[in-house]
Each structure stands twice: as structure tokens, then as C-alpha cells.
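Take a look at the structure set out below.
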Amino acid sequence: MKNIEEVIGKHSDSVRGRLVESVAMITKCEDLIVQHYNENQMKTPMHMSVGDESCVAGVVECFREDSYFFGYYRTHSLYLAVARDPYKFFAELLGKKTGSNGGIAGSMHMSSVADGLLNTSALVASTIPLSLGAALSNRLLKEKSYSVVFFGDGAIEEGVFHETLNMAAFFKLPILFVCLDNGLAVDLKGEARQGFKSIKNLVEGYKCEYVFSDNPTVNEAYGAAVQAKRLLSECGTPVFLHMGYYRYLQHIGIGDDFSETNASTFEKRNYRSLELHKKYLKKHPLEVAVSEMVAAGWEKSDVEKSIDRIADITLKAYSKALGDQFSSYGEAEGKVYFD
Amino acid sequence: MKNIEEVIGKHSDSVRGRLVESVAMITKCEDLIVQHYNENQMKTPMHMSVGDESCVAGVVECFREDSYFFGYYRTHSLYLAVARDPYKFFAELLGKKTGSNGGIAGSMHMSSVADGLLNTSALVASTIPLSLGAALSNRLLKEKSYSVVFFGDGAIEEGVFHETLNMAAFFKLPILFVCLDNGLAVDLKGEARQGFKSIKNLVEGYKCEYVFSDNPTVNEAYGAAVQAKRLLSECGTPVFLHMGYYRYLQHIGIGDDFSETNASTFEKRNYRSLELHKKYLKKHPLEVAVSEMVAAGWEKSDVEKSIDRIADITLKAYSKALGDQFSSYGEAEGKVYFD
Amino acid sequence: MTNLVVMAKPKVKFILTKLKSKEFISYCSAINQAIDEEMALDKSVFVIGGETKMFGSLAGLEEKYGVERVITTPISEDATTGLVLGAALSGLRPIQVHIRVDFLLLAVNQVINMISTATFASDGKVKCPILIRAVVGRGWGQGYHHSKSLHGLFAQIPGLKLIMPTTPNDAKGMIKQAIKSNSPVICLEHRWLYWQEEELLNDFSGIDYGVPGKIQSGGDVTVIASSWMNVEASLAAKILSDKHDISVDLFDIRSTESLNNLTEVYDSIRKTGRCIIGDNDWLSSGLSGEITYHIQKNCLGDLTTSIERVGFKGTPCGTARHLEDEFYPNAFDIVRCVEKMAGVGPCAFEEYKLFSHETKFKGPF
Amino acid sequence: MTNLVVMAKPKVKFILTKLKSKEFISYCSAINQAIDEEMALDKSVFVIGGETKMFGSLAGLEEKYGVERVITTPISEDATTGLVLGAALSGLRPIQVHIRVDFLLLAVNQVINMISTATFASDGKVKCPILIRAVVGRGWGQGYHHSKSLHGLFAQIPGLKLIMPTTPNDAKGMIKQAIKSNSPVICLEHRWLYWQEEELLNDFSGIDYGVPGKIQSGGDVTVIASSWMNVEASLAAKILSDKHDISVDLFDIRSTESLNNLTEVYDSIRKTGRCIIGDNDWLSSGLSGEITYHIQKNCLGDLTTSIERVGFKGTPCGTARHLEDEFYPNAFDIVRCVEKMAGVGPCAFEEYKLFSHETKFKGPF
């Protein structure tokens, strides 16, 4: 029986431990947002990650050391998996000077340059081509090996996705395209937007490898990422990692489509069923991750204790950030140009 | 033995006759441009159609009555096949008031609204999405049945091509996408730009039919168009008609890459071989069209006589246009807004 | 927070928080009515965009006219804008909608290269009846990807008409006119104006939208404002009147066509000798400079002091609320500017509150 | 056609047709040198674009630095511009090239939404060293899809720097500086300037490009010009001097940074009392209005007459030669404008010829 304290501790080298830690941290942070958003301290449009924790945590864990990352407006899980800093995270959501981006970016544009998360964007698909540049940088400067970009299934409808895939394949750049497919763009299903046969079919038109992972546990997601990484280094082509997941909440905000208690922002259009929702309520990524730990031989109470510790760290981070200073416009003004 | 005069005459209903007539008219107009361009009366950047005559004439003949057309900057064959008006054609190249577009458009942007050729563009791929709107118009107003757009193989690299194909397939719009594939974008071969497996592979990712026609004679091109039209009306999907052809001249201007006599604008980069060029010199579309006529039972001298007549009409058109007035800026100024 | 209603000239009311009166109708509903009326009249009018709710301004239209005339597209702004051009050239009258004007930047090749030139290119033969509606976002951390204004950018391009109605009546009248126009029109709608209410006119015929709108009359200083800045200027006018007995002559630059028809503005400046431009956009190389050019050209000798302007700060818009507050110009900035011009000391602002959108919307957007 | 050389202040020569002198180097070669020198110094500098010849300004670089650092892309402006941003954020120094600025409109989402905000978004943590070079086309029927200028458009956007060198020395110095800049720079290069020649400086350090360039000195009228309009203004100055003994103080707005540093221009206007802006762009809501704003703000009492401007006509550019000729402003227009200001009658232009690009290039482009 392994000691979970050891695995989740800062210097742990256990992948499994780090994976569950990432999922727990994302989950606990999102929980806090849901609890506190209506207090109107976090004045930023939240696109919640609830549901994609495993996918993101798994991929990031595999690529953390040797990659540049780019994301989209659904930044929470990516920021937390990469930067692992709930304090800077909440400070950013609260508009504080101490935030990851000094309060300038808010929920939709968080980055962590020091950790390789270079840019995220509130414009669908707009960071996809940035992955090409980082891959080129890797080729010329050799500081890192891979370039990883996350985007939603809706991003495939933007032309720039195709331009990028074509260029990545043509220049043989080892880019991992991670499509986080919740089957929805706002509240439009794929069948209401897609004229292609399947994402697989589309991608396979290019000289690009395709890997699919549907609703993975965090360990499965990690496994898919490992497979993708092998393909990246062996084939000299980009890899498209297609990951299915269930979006628990509405497109934006903390409401869901079914419960009466949560504030609902988006009109309920009946675009999905309560049955499906109930099914997924039983499979929340963190619970699944815990079960996986237990199945792998960890003691349940140890795992839970560690998760509680993370919840505690997270809560403290939120409280601390609440007390921080707002950034000043005067300072922000000086950051438009680097020189 | 049919009477060629009858077939080529204005009211002829013989498709074969009209096809050879179109090819002849395009050829003779292009010949005149080559002869006179260096006199610097036609002050417009020429993207010559020499080589694509059969493809364009064949498709236009099949879709003429019931379609809207859109083209790109290589407008000559499309304009002439659709509008059949060498006088307005030359007047436009000469910047005259009497030109198809009053001298405002020049070689790269000719249109003939009355004949359904609604827009052409000097920006790669930029008219491709316009085809969606005309198809929608057909659905709502029912004035025509099809929407046909011509573009080069390079246009596939622009994202908007993919956005358009996706939307066409999704909305089930009967659009004919005609890709005139000369294997070159300026002087870059496909292999120097394409990260996809093949155009066929790419297109077949979409709910779209694919038809290929390599270096067709004008009758073969017409046949391919007929097949495409059947698919359009039967499948309720767009159709991608992929046509290969050989570009005889340089990307722009009247120079070719091999002869010493023609003025050459673009640097010769040895991107293609003299052997291939020689092979195609023997297969110029008009000569091939004539052979086809003869093989189909026409008298060669009759065919040639008719072609001579077209040459004559064309020359007269050029001469007449030369004498016309330039459009005035004052008038043009009033045409920026329709109201 | 009190319900602060800034009264302008009798006809126009800027409602800074919701006013529950029957005869009044919101800017948002005014747009809805305009489109509904024109769609009912003309079968060639249709609506298309990635988001066909548009904050309620398209409510009920899909149900009434069907998905063939209210079309939700994939997330493909560029191709959709091309579609709109192709549709216009073949007899339809498209209304394209963008939930943020920032997204229109993905389609600027179609707008600036293709749409603006289509009629000219055809030697004037083909109509190009396109209306592109785009919302200018603001507040609650929308930040630099969801809050651009960009009217100055589109105002540069010949072949495009640009409108930015401020009042509900203008929204209805100008959008109806734009739908009937045979030339492309870009309509920029500030998100916060959606809550403005006004008693609606019955008849919009005969109104000339090619001149500035007159928001209120006064004799001491001429203010020219665009979009939301009219609301700030109205509040500024009230403060100036209360505190300094300074009266403001306030004009709304509601269309780029107005730039060619500023006679009333010149007359005003001949009277006041002072002019401030309040532009809801970045200042650099934009609409405020253009207005300045025309004024100095026509009123050089009448100006007793140089033309001043207030507008967005020269940075992207940060997301934190306090950054937003400093980024945007407001009524108090206009007051301070006038005070300087008039050589009077700064008044206190305690009694006055700026409009807080948070009484209207809070997160997430 | 005679070889017409307009002499400006000693150092600068505008060569209206090719001058075959050894010590002189062309604008095109100056650019080439700038990039070559910086690429040699810094391995992180690379060139990328759909067309990597750029009228000779990239000659020899692919051979020298290989296809890894001189990269020809598919026809994908949008993705390529995104690439450039990703490259800059990860340590490289991209130079993106567009054979026409019109094509940059396909990538404006990346430029305006993404690139201009990248450093700001990161709380100032990340450099964004991007140089985007784009050519302004003109002549031989290039028409409305190949001849836009658009500096007024990009000048509106905070987070971007904009340069438009006119002289070969400026081209070299400013491009070297732009490559070394850690913020994004857009460089607009007029196609016709490529043939300008000048004796090149050895040392560009210490030159401040954030102020207007001084093309020639005079005391009767202040002219501020951009890009090619400096050449027209130089010819105008010569004519005015020959015919009316009017001397022109000519400034080159070579960068948007200059707009914040117009002190010398104000001093000039205090002397001359008269000002004309010659802008190589559409006038509406552009650079000319911006310059006007600053001048009236700083020199209102000094102006003896209103500020005038010449620029593109308010239409797309037609392709026929005579349409082009009327679309573009020229030296004669400036002369007429000054004559009116000065209250002198119109002179004859017979002895003078405008630059005819057809001595330089004829079709096809």
C-alpha cells in the first residue's frame, strides 16, 4: 500500500498521484467558483471546465516537461494543470494584481508563460495556428520538443483550423492538436453544424495521425497522450488527439441545464436530456479518478485525505486572493508594448 | 455530314458546336492579347487562361441556362464562355467605358451580371463562399438552380474553402465547386504546399460528391459537368469537380517559361520541364477540339472556316474597342454605392 | 443606487436603469420590430449568423419566418460573410449578425476587400443590399476580445455605410432604412444601449439619418458624441447645467454619412465657440480626428479654444472591473473637460452616479 | 520623359527614374541589407510568407540562411500570421511578408485581436517581437484588390507599432530597429519607393525614428506627408519654389510614434501659419484627421488658414490607367492647394512631369 501523502506531495514522481492531484485541484477550484460566483467578486465571464478535467490533466501530465501549450477560453483546467497555482488562479478571476495575468486577462485569457502556457484566446480557434510557431521555435531553438494546442469541437468549423493542419502536416511539425469534444458549441450539437462525415474522416484527409479517446478516465487520458507522444516522435507528423467529454454546466456561467438551484444564464433549449445528465452525474472525473486509485491499490481514506488537503489549499488560496490589491490601470498601461 | 456554319451560328442548339466555338473564342482572344500586350494599351495584369479553355467551356456550357457563376482572377475563359462577348472583353482590358465592367475591373475582376457571372476576385479563394449565397438565393427565390464557382488548386489552402465546403454540405446546397488544377500556385507545385493526402481525400471528408477529370477535351469536360449536374440534383449535396489542366504560360503575363521570344515577367525557377511543355504544345485545347469535331464527322475545312470566322469577329472586336472612349472618373465615382 | 434617468430633449429619454412604462419600448425591441416589419414586407430579407438570438433582438423571428429565413450557421464568420455577399448579388437581402464586432474581424477580407467593392466593380450594375449587425460589448470582464468598437476602422472604407444608432427610435428607423438600402451597411450596436427605452414613433419615413441626431440643445458648448457616449454626454450635460449653469448642445454622430452634413454642428460651434468630441472608440486615427478635420475646416475662426476629445484609453481593454472603469471615458471626464474649457473649477460629483451595468447584467457575460 | 530628380535636403534624393550612381543604393536593397544584417546577427530571426521574393527585397537570403529561416508557406495568410505570433511568444523573431497589404486583411483577426494584445494579456511578461512587412501596390491596373494602403486602419490599434519608411536610409534603419523591437511592428512599403536611391549611412544607431523625418526646410507652408506622398510633395515644393518662390517645410510621418512627437511640426506651423497634409491613404477617419487633431490642439492660434489635406479619392481604386490617375493625389494637387492658401493664381505645369511608373514597370504587375 503506497502512502498517498508521498505521491501527492510537491516532489512526488508518481504520475498517478499527480494525475489525481490535478483533477482534484481543478475540481475544487471549480467548486469554489460555483459557490462564490454569485457574490459578484469574480467579475469575469466563466467558461467552466467541469467535465474536461481528466482529458486536460492527462494530456498536460504527459507533455508538461517538454512542451509549449496553447488553449482557448475554457482555460481553467488547462491553467491549473499546467501552472498548478490556485492562488494566482483565483487572484486572476478576482482581478487582482497578484493574478496569473495581473487581473488583465480574467477567466477567458489566462496564461502562464513561465510554465509554457503561452496564450489562450476568447476567439474560437484563434490560438490553433500559434502552435505552428512554437513548433518552429522548437525546431530552430530546441528549447522544447512539442507544441500542444487545446480547442473545442466547434473550432473545427473555422477555416484557420484547416490552414493550420495543412501547414503542420506539410512542414512535418510535431504538434499535438487536442480537440476537447463535448459535442456542443454553445448549445448547438455537432449535427447542427457539421457538413463533414466525421472528425476522424476530416483529419485523415491530412498527413496527420489520429487518436481517439472517448470520455477517458484521467489515467486513460494520460495513456492516450502517451500514445500520441509516441506517434509524434515516430511519424514526423502532427497528431490529432480527439477526446470526448460531457459538459456538465451550461456553455458559460455556473448554471446547469437541469437543477433549479443553480443560476442559469443561457436559455434552456432542451438540447440535451436529463437522462444523459443523470448518467454523467455518477461519473464525475474526480470520483472516477478516486475509484481508479482505489482499484490500483491505494487506501480510499488516504486518497480522500489528500483531496481534502487540496480542497484546503484551494480554499486558502481563494481567501488570500480575496484580500489582495487590485492592479492599477497606470501599471497596466505600461504593459501594452514590451519595449 | 453536318454544316458547321449552322452549328456555330448564334442560334445553334448543337452543344458540340457551341463547345468548339467557346474554345475557339477564348483561344483567339488570348492570342490577340499575346500579340498586342506589349503595345501597352491593355494596362491590366493578365492572368492568362491558355490551357484551361476546355475545362471552363465544358462546364459553362452545361450550366449556362440555370446557374450563377463565380470566378477568380483568371477570368478570361470564364468571362468569354459565359458572356461570349469579345468586344466587351477587350474594351474592359483596354479600360474603356464600353467594357464589361466599364473599365473599372480590368483583367482580374471581370463579371457579367446579366449572364449570371456575378463576381470574380483578385484574392485567392475569396469568391468561393459567395457560391453559398447564390445557392441560398436559388432555394428561396428559385430564379436559377445551381451555383458554380471556379478556383485554382492553391485556393484549397485558404481556410475559407473548408468553411464553405462544410456549410455547403451541411445546408445541402447544390453548389458545383470547380477546381481548375494546374498543379501550380504561381510557381510552387502542389508538393511544395500541400499537407493533405490528396484533394480527393480532403474533399471526401465532407458530405460532398467528388468527380475527377484530368486534362479533358472540351467534350470530356462537358461530360464531366453533365455527370456533376446529375449528382447535384440527385444527391442533395455539393459536388466537387476536380479538373486537371496544363498552364502553358507563366503565372501572370504573356510569357512562357521556355521560349525566348515571349516577354517573361516571372523569374524562371525551373519548376517544370521542357519535355512536359513540348508534350502539351501538341495538345492545345483548340487543336484537340478540332480533332474531336473531325472524328465526330465534321469536315475539317468547315471547322477551320468557322474558327477563322471567330478569329475575325474577335479581331474586329479588339479594333473597335481600341477606338472607344475611356470611362471617366466622374462617372465611376457615382458607382460606389448603388443608392 | 437610485434610478437615474437623464432627460434629454423631450422625445428622447436615456434610461440608465429600467423604466417600467407601457408606452416605452427598448432599443432591443425596436430592432426586433424593424427586422420583423421588413421581413414581413419582403420575402428576400433573411437573417444569418452564428448566434441568432442576439440578446433578444431576434426574438420570435425564427418561429415566425422559419429556419430558412433565420439561419444559424457553423462557426465560420469568413464564409458566412462571403455567403451574404453572394446572396445579395443574387437577389436576396441578407442581415448578418455578429454577437460581438470583434468576431467580424475574422471576416474583414470579405467586408473590406469584397463587399465594399462589389457594386463599383460591376460598373454600378449590381445591388449589394447587405446589413451587417454587430454588437459592441462592454463590462463584466469581457476584455480585449469582446469589447472593441471599431466604427473608426470601418468608417475608413469607401463602399460601406456605417450606422450606430443610439436611441430606440433611431435603432428602428435606421435599421429599417438599412434593410431597404441597396448598398452594404454596417450597424454597430452598443450592448448597453439595448436597455434604453423610448416612446416609439409611428412613422419613420422622411427622417434624414444622414445628418447628426440632435439629443439636446444648449448654447455654451457643443458636444458631438457617438454611440454610448451620448448617454454619458447627457449625464454630463445635466451635471454641467446643475452645477455650473453651462448648457450643452449635444449631437449624435449616428452615421458616417453625417460627416458630410455637419452644417448644424458648425452653426452650433459658431454660437458656442467650444467643441468636445466624445467617441466610443479608440481615439487614434479614428472618427474623432475626422470630425476635428471638418470642424476646423469650417469653423476655424469661431473656435475660442481647441477642439477636445475623450475616448477609449490607448490600450486594449483589461478585464478587471477597475481596469474597465479607467479604460472607458465617462460623463465625469466630459464635465472636467468642459470645466477646463470654460475656466471654471471642478464641481463635486457625489450626487451623481454613472450607469452601472451590473444592475442590468452580471456574469457570466 | 526627362530624368526628373527632385532634390530634397542634401542627404535625401528622391529618384523619380533610375539614377545610375555607384554610391547610391535603392530602397529595395536597403531593406535587403537590413534583414540580412539582422539575420546574420541573430539566429532567432526568420522570414516567412507566401511569397518570399518580395520584389527583390529578400534576394539571396534563402540561399544564405536556408529554407529553415526563409520559409515559403501555403496560401494561408491567417494561419501563417498565427504561426508568427506563436513563434514570437516562444523565442523567435519572425518577419512576415505580404506581397500586398490587401492580403493582410485575411489575417486581421490575428493582427488586431491576437498580436496586438499578446504582451498586455500576459501582464507584460512576454515579448512579442514580430515584424510584418506588407507592400502597398499601385499602377498598371492593380485595382481595388491590390492597391490598398491601410496605414490609417492599423494606426488605430493600440499594441501595434506602424512604420512606413520613405527613404532608403529610413527603410534600412527603421527595419533594423523593427527587427530588434520586442513589440509587434507593421511596416508598409510603397511599391514605387522600391526604386528610390540614396547614399546610405554607415551607422543607424542613435537615430530617433519616433519623430517625423525632415525631408526639406522652408518657411512658407508646412507640409506633412506619408509614404509616397513625400515624393509628390517634394516635386510640389520644387514647383512652388520655381514658380511662386514659396518654400515648403516638409515632414515625413514615418511612424505612428511620430504622432506623439510633433513638436518640430508645431514649431514649423508657428512660423508658416499654414499646413497641408498629404496622406497616401483614404482620408476618412484616418491618419490625416489624427494629425489635424494634434495640430489644432497645439497651434490653433497660429493657423492663418484651416488645415488642408489631399489623399485618395473616396472610392475603391479603379483599374484603368486614367481612373488610377484621378484616384491618386499628386504633386499638382498639393501645388494647387498651396496656391489657394497663399492667394496666388495657378501656375502652369508644362515643364513638370509626374512620376510615371511605366518607365519602371509595365504589365503584368
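For reference, chains read A, B, C and D in written order, and residue numbers begin at 1 within each chain.
Note that in this section a residue touches a chain if its C-beta (ideal position, glycine included) is under 8 Å from a C-beta of that chain, and two chains touch if they have at least 3 such contacts.
Computed from a prediction, not measured in an experiment: that's the story for all the values here.
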Can you name the chain that lies farthest from chain B, using the mean of each chain's Cα atoms as its centre?
A
Going by the touch criterion at the top, tell me which pair is linked by more C-beta contacts: B-C or B-D.
B-C
Taking each chain's centre as the mean of its CA atoms, how far is chain B from chain C in angstrom?
44
Report the inter-chain centroid distance for chain A and chain B in whole angstrom, where each centroid is the mean of the CA atoms.
48
Roughly how far is chain B from chain D, going centre to centre by Cα mean, in whole Å?
37
For chain C versus chain D, what separation do you get between their C-alpha means, in angstrom?
33
Multi-partner residues of chain C (each touching 2 or more other chains):
73-74, 76, 78-79, 102, 106, 109, 113, 120-121, 144-145, 158-159, 314-316, 318
Contacts with two or more other chains, residues of chain B listed in rising order
104-105, 109, 121, 123, 157-160, 163, 166-167, 170, 193-195, 327, 332, 336
Please name which positions on chain C make contact with chain A in the complex.
51, 53, 72-79, 102-103, 106, 140-146, 313-316, 318-323, 326-327, 358, 362-365
If we count contacts the way the header does, which residues on chain C are in touch with chain D in the complex?
102, 105-106, 108-109, 112-113, 116-117, 120-121, 144-145, 148, 152-153, 155-159, 256, 259, 282, 284-293, 296-298, 300, 303, 305-309, 314-316, 318
The answer for chain D against chain A in the complex is residues 43-44, 46, 68-69, 71, 73-74, 76, 78-92, 94, 109-110, 113-114, 118-129, 158-159, 161, 181-183
Can you check the complex and tell me which residues of chain A touch chain C?
37, 40, 42-47, 95-96, 103-109, 121-125, 154-155, 157-159, 185-186, 188, 192-195, 252-254, 265, 267, 326-329, 332-333, 336
In their shared complex, chain A is touched by residues of chain B numbered 157-163, 165-171, 193-197, 201-208
